[in-house]
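Every chain is named by a letter (A, B, C and D) in the order it is written, and numbering of its residues begins at 1.
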Amino acid sequence: MLTFDQVFKRYETGQEALAEVSFSLDPGEFVFLTGPSGAGKSTLMKLAIAMERSTRGQVLLDGQNLNQLPARKIPELRRKVGVVFQNHQLLFDRSVFDNVALPLEIAGHPPSEVKSRVRAALSKVGLSNKERDWPVTLSGGEQQRVGIARAVVHRPPLLLADEPTGNLDPELSREIMSLFQQFSQLGVTVMIATHDLDLVREIPAQRLHLQSGRMVQP
Amino acid sequence: MSERRVTGGATQRLLSRRDRLRAWARHHRQLFGSTLSALLRDWMGLMTTWLVIGIALSLPVLMLIGLRQIGETDHRQVIEPAISVYLSSPSGSAVTQGLISSLRQMPEIRQVTLISEAEALAEFSERSGFFDVLNAFSENPLPAVLEVRSVSTEGATIRLLTQKIGALEGIDSISFDAAWRQRLSSVLLIIERITLALGVLFLCGVVLIIGNTLRLTIENRRHEIEVIKLVGGTDAFVQRPFVYRGFWLGMGGGLMAWIMIQSSLIYLSVPVETLARSYRSDFALEALGFQESLVLLALGAGLGIVGSMVSVRRHLVKIQPN
Amino acid sequence: MSERRVTGGATQRLLSRRDRLRAWARHHRQLFGSTLSALLRDWMGLMTTWLVIGIALSLPVLMLIGLRQIGETDHRQVIEPAISVYLSSPSGSAVTQGLISSLRQMPEIRQVTLISEAEALAEFSERSGFFDVLNAFSENPLPAVLEVRSVSTEGATIRLLTQKIGALEGIDSISFDAAWRQRLSSVLLIIERITLALGVLFLCGVVLIIGNTLRLTIENRRHEIEVIKLVGGTDAFVQRPFVYRGFWLGMGGGLMAWIMIQSSLIYLSVPVETLARSYRSDFALEALGFQESLVLLALGAGLGIVGSMVSVRRHLVKIQPN
Amino acid sequence: MLTFDQVFKRYETGQEALAEVSFSLDPGEFVFLTGPSGAGKSTLMKLAIAMERSTRGQVLLDGQNLNQLPARKIPELRRKVGVVFQNHQLLFDRSVFDNVALPLEIAGHPPSEVKSRVRAALSKVGLSNKERDWPVTLSGGEQQRVGIARAVVHRPPLLLADEPTGNLDPELSREIMSLFQQFSQLGVTVMIATHDLDLVREIPAQRLHLQSGRMVQP
């Protein structure tokens, strides 16, 4: 599903964020991505959805080499991936419903289908009653859950989550993690960047560990 | 109607071509209204933009209307070179009749008008303002005049024609009022220059203003654009609302221009007609008709779309999520 | 120079009054340059705004210049009511001399000009364009004329004066060219109406445009404003950059207007002077002088500050962090 | 330093976020504020810096009743408080240095003093080398640390931190917490909202626990 081959990433600022990163995720696999602040976790995820391009090495998503992908093919690629961003990336001038509906509307699903899918996604993250609210009126954790609902609403074959439980209490974190596990059991490939070592220990899953941009044994 | 594709075990419903076309039409339909109501939410800014565009559109249009009206009413009479032929014989005489008919046979001449001695006196006193003086003469000292209009308006040809006429019988003298023509054409030259310069300037201005307004909107919605791109929105999808916004901005500007033009024409019509009457001209300002109004609105809308085309793609491409 | 206050054991250095005054001056100094360079970073938007403001400022100013120039050169001669007194005796005669001196003693009369028979003929043929005709007369048929200018410009007073003059000796007839005056005053009425309406419209427009541009900037910097308020920025601190931005927008608009006015005056001066020459008038378009240029810039800058005052506070108050 | 007396908060949406909350923090005290997502932790902090007003009950900060405080006095009040916001609230068009310098510049400190204080604050959060960078080029955890530096740079007598370690790895979290403890030892009153129960357990400090807007025993 997702393959990194000897990937090296240096930002324009000269900052080296990744070096010689190689790994491969099979369909339906569930992995944790850990590492200290600034190790390159978010960078790795940005490379996977073509937000950044690798300086050297290949990134392959669903068989496509992202370094050779023309710009106009990128939207199509991104529709195959659900991403929970570290900073939510919600739209504050749309309701919770409209935020979650965004991926479906972009893909052009009919309104009735949009409605039922959005409701299903919101109920999975425990926000059924906040459908009509505005994101500003939500607590930090609620915003984070809206971001999670948006990432899964279009049932993408690949799910990337960057610190999805950073603002959640332990109990809710556990619930969200089991949600991700369910997805993985349905065949979705899931990669979760996290600092929450308690959770990592609880869940039996492969763990990729980054240290200063290099993949090392945890 | 829809296929299901299995990628690595997960099911993601893909849309058929027909579904996608429907979605495309739905998006357009929805944007038509939603962009207008989004614009109206910031009604003060919208009004300002509409006013600015309206002014920029109405000024050159008003000047064009002025020029066109002059052209339709007085222009031809006024600018067309008239040759005044002063007669040595009275207007009723056989010599004069012969002269008139031989002039009428010349192919270079379009029109011959006889102004009798009495008419000449009336016009004379009228133009000069010295009525009282002319009353001092016991008899009319003025000769009859033929006003000859040539087919050509070209100076050299007319001069040749003047010589040709001069050779005929029954003529005292000939004058061709070049100085007066020159004055008028320099006035028209000024007006035309201003209209042209302002017209080009202002139409470019409208495109620029609309492009710039949209650029600011894009700047304001940068985050929204980034997020839409992040979740798989195409450039066309992102661009579409701005095309509609451009359309509304231009359309509303056209409407403002229409209001301003019609009310200026009404506001100005009284002094202009007073003036025209004092010159005994039937010059009058006519308001815009239905078709012209439509053209004005279409011009506005068109400039709006051009403005959005010019600016939006360029700025959208620069916005990449990070 | 600075006091330390202990609040619950923590030390937070508080600034003395003098320090705060210095900080205030530093902030102003720094904003003067930084707002301009921030504006210049978006040079396309800035140019558009400057151009729009420039046009809005230059149009009424150009019309004012036109009106003023007319006023300075031809205006007084042209619009001032002149009474033409046609004399029954030749210009050199004692009767005429007596008439002139008695007219000069009347307090209602400002000026008396004698136009001799020969001068009257010259002017007559000039105005009417019938040169050739007048050559037909063996002797000059025109009388001498006195051009009398009254102190008052009011119609009724002048009519009374005309009657009073009519009772004097040596006069053939009197004419007071009311019709011609009416024409000119209706032209001037149009121009004045347009100038007035446009002037008011456009100056309001400038304030509106600047206010609106700043509103959009505020909208764009909403997050920044929220954060500054969150960490303890006062309303005045937040507002200050926008006042400077308004200043620069207006100032630049004034500069644009100056450029446009000066180049229009140069561009128009040739046809206008050609036209004026053909009327043998010394009417000429003069470019703006140093002082007038300064006034224009100050007008722009002033409108910019007014525009920012009008709009900014209202919009800033609405922005509260959440 | 900070006193809540029978505070009740209902948002305009009708959402009841706090009910009958009473507590008091003495100068130099160090407390944790815990509770599940949506319990009202951020709301409590917003009330303390007059971002919101209580519907009923009194909030007193440094002896001033915030419900009776005129709007023009609010800036002065906020300068006494350092706040680490849950969503950072960094300015993305200013460098890291300028972000941290903001509270000092608003208060009008001379440039030389600004410089030395900002550098000191950045070095405390381990970002000395990122002074000239732009916030977008920072990782999530680095951004969070810039927010922390900004909250402490003007040495406020009260420090409120909302989920300050949500994006930080355990090791860094511990360092930041010990930084906060140092402040408290210097006399600063510190209140930290967090989900990180490991940290709460490690540090001997009073704990306020919210549950659906009410203060309960943890």
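To be clear about the criterion, a residue touches a chain if its C-beta (ideal position, glycine included) is under 8 Å from a C-beta of that chain, and two chains touch if they have at least 3 such contacts.
Treat the numbers as computed from the prediction; the structure is a model and nothing was measured.
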{"item": "Contacts common to chain A and chain B (chain labels)", "value": "none"}
{"item": "From chain C, the most remote chain by mean C-alpha position", "value": "A"}
{"item": "Whole-Å gap between the CA centroids of chain A and chain D", "value": "29"}
{"item": "Euclidean distance of C-alpha centroids - chain B vs chain D, Å", "value": "64"}
{"item": "Of all residues in chain D, the ones touching two or more other chains", "value": "none"}
{"item": "Where chain C touches two or more other chains, by residue", "value": "322"}
{"item": "Chain contact topology (line, ring, star, complete or other)", "value": "ring"}
{"item": "Touching pairs - complete list by chain label", "value": "A-B, A-D, B-C, C-D"}
{"item": "In the complex, chain C residues that touch chain B", "value": "44-45, 48-49, 51-52, 55-56, 86, 124, 127-133, 136-137, 141-143, 172-175, 177, 179-180, 182-183, 186-187, 189-190, 193-194, 197, 201, 205, 208-209, 211-212, 215-216, 219-220, 267-268, 271-272, 274-275, 278-279"}
{"item": "Chain A to chain D touching residues, read off their complex", "value": "11, 13, 15, 35-38, 41-43, 86-88, 133, 137, 139-142, 145, 162-163, 166-173, 195, 197-198"}
{"item": "Residues on chain B engaged by chain A in the complex (per definition of touch)", "value": "6-13, 15, 19-20, 22-24, 26-27, 223-224, 226-235, 237, 320-322"}
{"item": "Chain B-touching residues of chain A, taken from the complex the two chains share", "value": "1, 26-28, 46, 49, 51-52, 62, 72, 75-80, 83, 85, 89-91, 93, 102-103, 106-111, 150, 154-158, 183, 186-189"}
